[in-house]
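Same chain, two partners: subunit A is paired with subunit B first, then with subunit C.
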Partner chain A sequence: MRRIDSPARVWGHYASLIILAIICLTPIWVMVSTSFKNEVVIFDAKPVWFFFFPTMENYDYILTRGKFDRYFVNSVIVATVSTFLTLFLGGLCAYALARLEFKGRRFVANSTLLVRMVPPAVLAVPAFAMVVTLNLNADLVVLIFFYTALNLPFAIWLLFGFYKQIPVELEEAAIVDGASPLQVFFQVLFPMMKSGYAVAGIFTFRIAWNEFILALLLTGRNSRTLPVGAAGFITDTGVEWGRIMAMGTLIVIPPLLFTFFAARQIISGLTAGSVKG
Partner chain B sequence: MAEETLITAGKAKTGGRTLTPYFFVLPAGIVMIAGLLYPVADAFYLSFYDWKIGTKFAKAEFVGFDNYIRMFSDPDVRESIWVTFRFGFWTILIEMIVGVSLALLLEKPIRGASLFRTIFILPLMVSPVVVGLIWRYLFDARVGWINYYLGYLGIEPQVWLGDAELAFFAIVFTDIWQWTPFIFIIVIAGLQALPSEVLEASRIDGANWWQQIFLVKLPMIRSILLIALLMRLIDVFRALEVMYILTGGGPGRATELLSLHIYNRAFDAQLLGYASAISVLLISIVFLLSLGILVVGNPMKEKSDI
Partner chain C sequence: MSGVVLRDVVKAYGDVVIIPKLDLEIYEGEFVVIVGPSGCGKSTTLRMIAGLEMVTSGEISIAGKDVTYAQPKARDIAMVFQSYALYPHMDVAGNMSFALRLARVPKAEIAERVQRAAEMLELTPYLDRKPKDLSGGQRQRVAMGRSIVRDAYCFLFDEPLSNLDAKLRATMRTELAILHKKLERTMVYVTHDQIEAMTMADRIVIMKDGVIQQIGSPREVYTAPENLFVAGFIGSPSMNLMDAELTRNNGALYVKGQGFELPVPGRLQERADTAKKSNIVLGLRPEHFSAADRGNGAFAPIELAVDVAEYIGSSQFIAASVGGKNLTAAVEVGPDAAPMESGTYYFDTERLYLFDRESGQAL
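The block that comes next holds the complex of A and B.
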């Protein structure tokens, strides 16, 4: 049915895609390349794209003088623990919503969709009030708690769709054989839900890894996460672009790795909200 | 359809009602209630108090609707709402037009498409804080690349982030860079999922390229377009990080979106009660938009008759 495309059309297609790719990549390249430049190159009037003598001095400064290691560990803890919690609790909830018959199911499903949209800024004051009145000091735990809450609705929503794609006969057979719902959940369904959990996990991790405003409010000197640490560079006297970009590059590594190794899953997560299937 | 795919847990064994489903739902439910619903309710509660940072809440004064009365006559709040709507209007308009046009032009599957798609999701994956840092550098008046290349066009160096209109342009531009690929990708996914018979039939009936787009393709993906629009709209009310880094909301309040306004009111001006009242306004707007999504395209409804 397809008409054969003329070479000019195909060429134009590729040319447009390449231009778009360059637009997407340029700011990221600017960051990465600047992180390897010394001040002389950075403050040169003329932008230098490729040909400069790379230096590690920015990374050296960040990794040895700053508190990068501390922030990094904090970020890793907060992001992984909250991702794990979100997937576990969200998986159970999504399973019940997708498969089990119970009173209030429709209500739970609809409220989950509504709270998905709560803006983090709305949480700022109440979260702050909570920490002040309860006198909480274990800041990372507080962050993990809020990130889990923020991520649960989307994770449930996504996992719900994945459960719906699994044929119900498998579970019925297991139940007839005497398996309990928990056994069905862990032993029958979990192996088939791996890609669903991968998608939900990537999005959850990404939100928790990148979140800024709650982290800024709810962490202290030693519990800061990477985005808060990076933002701190900008308020310092004198803007050290090389160091800022080195910090930015390091922050972006995990999300970029996800992008290159799991682009398909990310796209399925992005489109889950709008494209049925 | 709903009946066939649901398992009445335990019924086979116990022959009666069971609490099992609630044990599955409850843990997540408790976390969401404590971490999302309770804070929203608390914001509502706090909005009736005059509470300053550094004082105990016990000493905060109950002021009734004063915060709300003040909010609706506050020119700063009004300006922030105006900025938010203006920002939403320009970003979403441009992102939708550019994203949808590109998707229509480039929908045909080609070799290497997955590589390009990987590149296009990169801007979405970069941390918002880092996006802010990168563009702050690019827009920098002294070392920024944008000024340098505009020099080739004979445009004098501008203080991008120091001028109200230019700073607004800068946050719009940054948002477009980050989010147009999102529209592009989901619209392409929608277009490629269209049944080819319909498109073929319309072609046989003599529809030309434009007619195919406006009379067949766009109408068929209208729910995708609408959901994408609503999701972007809600994001406008959630956005905060990029502006916090790029401009801090300034100069003046020229780039202070509502979310950032709440933050600044709460933790710069230290008016927690007043900021809570604005939070209630924000959550109400977002709530209405979310209801819209629920009505247009509840995925759970689509798949299971919930």
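The block that comes next holds the complex of A and C.
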């Protein structure tokens, strides 16, 4: 039964939500507003929160003078390809873990997530050593490879949970109805797995898009991604806050759009009504 | 050999043997009903026929082809799952037409077949609903519809009517029987429901612990149960089984126990003569009791101490005891009769059954 809350409770809820929203949105506002300020305003002794004369000079600079377009393309390639690879491979692994019987299945299913607990920073040096030892060129493929490896455990763990929720009889019914394995996957499983893939995709894309340390170590002049590019404005002569924040603002937009579209695939209770009980 | 044939089929999960050895021959076009208590391996048997479960050993052939190792797709079967297994993201029409769409049946024909099945199953108003917006009984009918739109060689039904109310179930039973007559397809049907089994089956297969107890027409399994299990399982209310012994009195053979002594009918005398006299189980079907002596010589008196009489229209179910043992009788007394009381009742001895207690086999 749904409880009807007293007005005091409702206002309490709103108040706490507003406080949380302020905590979350303040840094974003600082970033966005700073990106529209010139150096004089930024370094004003008294921080200016709202009323300043906006300028486009930071955007103008990063979009025309820097290599923003190249970094952007790099980031898009790295993030989308590694997200796609992660979802594809992770989906296969998760399916195998959820459905097939083989030695060590339980161990693998229960321990994949542990791998995810290792922070990327710890992996930076070994990763760098690997790349050097194997004499791999500093290019996007290496980064894609590492991001995929980094994201797979979480994706597998997440999709595993989703696959386990789908009753086996659904697949059996499709098989009896004459579906080939691919048809079973694309016409029966995938539509029910959309939520799972969307969630896994959002996480994977966001991490691949934002990751900094590995990208810094493993990319060269032409293969830099946006976060590494942004860091380039930390120079010997000082930190160019306006430009960093302008870049940051632009960096935020693609994952925001991606999340927005992916989240529309998330529907709960997709298997409701399919089996008895 | 056409039809569906299971030969020496064994099914085990690891060390647990579910089906020790199963031989079953289902003729082409036959309607076979498998009944048995929960957990006896009915679903497992169907799933092996469908190819969803691999046999541990043995052979299965369908339509004369050995399909023991064939994929479900290659077996030309349609199946209704005990758990429905509806596609939750497709509406009712989508669920029913899925197999046809995969088989690339022309659109117009798909629409027509779905329409026809929906009418038969009273699902027409729900064709564009998703399974989650249907009641349990409606879902079950969708599961049914999904198989009957198809044109398979063999239809497998795993308790397809279990969730329907009594009236709808009766309608569906009739519809299925009509459908079977029309399609003349082989159908294997699993149920708990006596009446479904008796009314629809060409032959009934009674299973217990993975072993077939008897195969026969409804009439055969009802009138000539081969063992105690079948005797107790078929018939509703179920047969009264009472310990007894055979005695001879003035040259005539009697079956005697606590509180009763009934003459052994002619058809059983020869076998009763050679049986172990002291170790007998007497079987009396409730419906063969009567309140009055019908006077054809076959009716013998028996004293019943009535505990309660249940009114069910023109008959009454009587819970009674004989010699301290519980017994059920169903007597036809007309709708206006007063509740039945203790006294002398009559049993049609032509219809009594004798079993060897040790082996459980019928005499």
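Methods note: the second predicted complex is superposed on the first by the 227 of 277 C-alpha atoms of A that agree within 3 Å, B and C clash if a C-alpha of one lies under 4 Å from a C-alpha of the other, contacts with A are read in each partner's own complex, and residues count from 1 in each chain.
We take it that a residue touches a chain if its C-beta (ideal position, glycine included) is under 8 Å from a C-beta of that chain, and two chains touch if they have at least 3 such contacts.
Please read all numbers here as calculations on a predicted model, not as lab measurements.
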Task = Pick one for A:172: touches subunit B only (first), subunit C only (second), both, or neither.
result = both
Message = Tell me the contact category for A:271 with respect to subunit B and subunit C: first, second, both or neither.
response = both
Message = Going by the contact rule set out at the top, does A:101 touch subunit B (first), subunit C (second), both, or neither?
response = first
Query = In the superposed arrangement, does A:183 touch subunit B (first), subunit C (second), both or neither?
reply = second
Ask   = So, does A:252 touch the first partner subunit B, the second partner subunit C, both, or neither?
value = first
Task = Could you figure out whether subunit B or subunit C reaches more residues of subunit A?
result = B
Doubly contacted subunit A residues - partners subunit C and subunit B = 172, 175-176, 178, 180, 270-277
Subunit A partner contacts - residues on subunit C that touch it in the complex = 50, 52, 71-73, 77-79, 81-89, 98-99, 102-103, 130-134, 136, 139, 146, 150, 163
Inquiry  = Can you tell me which positions in subunit B touch subunit A when the two form their complex?
reply    = 4-10, 12-13, 20-22, 24-25, 27-29, 31-32, 34-40, 42-43, 46, 57, 102, 105-106, 108, 110, 112, 114, 116-131, 133-138, 142-143, 145, 148-149, 177, 181-182, 185-186, 189-190, 193, 196, 200, 223-224, 227-228, 231, 234, 237-238, 240-241, 244-245, 258-260, 262-263, 266-267, 272, 275-276, 279, 282-283, 286-287, 289-291, 293-294, 297-300, 302-304, 306
Note = Within their complex, subunit A touches subunit B through residues 1, 5, 10, 13-14, 16-17, 20-21, 23-25, 27-28, 30-31, 34, 42-43, 45-47, 85, 89-90, 92-93, 95-102, 105-106, 108-110, 112-130, 132-133, 145-146, 148-150, 152-153, 156-157, 160-161, 164, 168, 171-172, 175-176, 178, 180-181, 185, 206, 209-210, 212-213, 217, 227, 230-231, 233-234, 241, 244-245, 248, 251-252, 255-256, 258-260, 263-264, 266-267, 270-277
Sites on subunit A touched by subunit C in the complex = 167, 169-170, 172-180, 183, 187-188, 191-192, 269-277
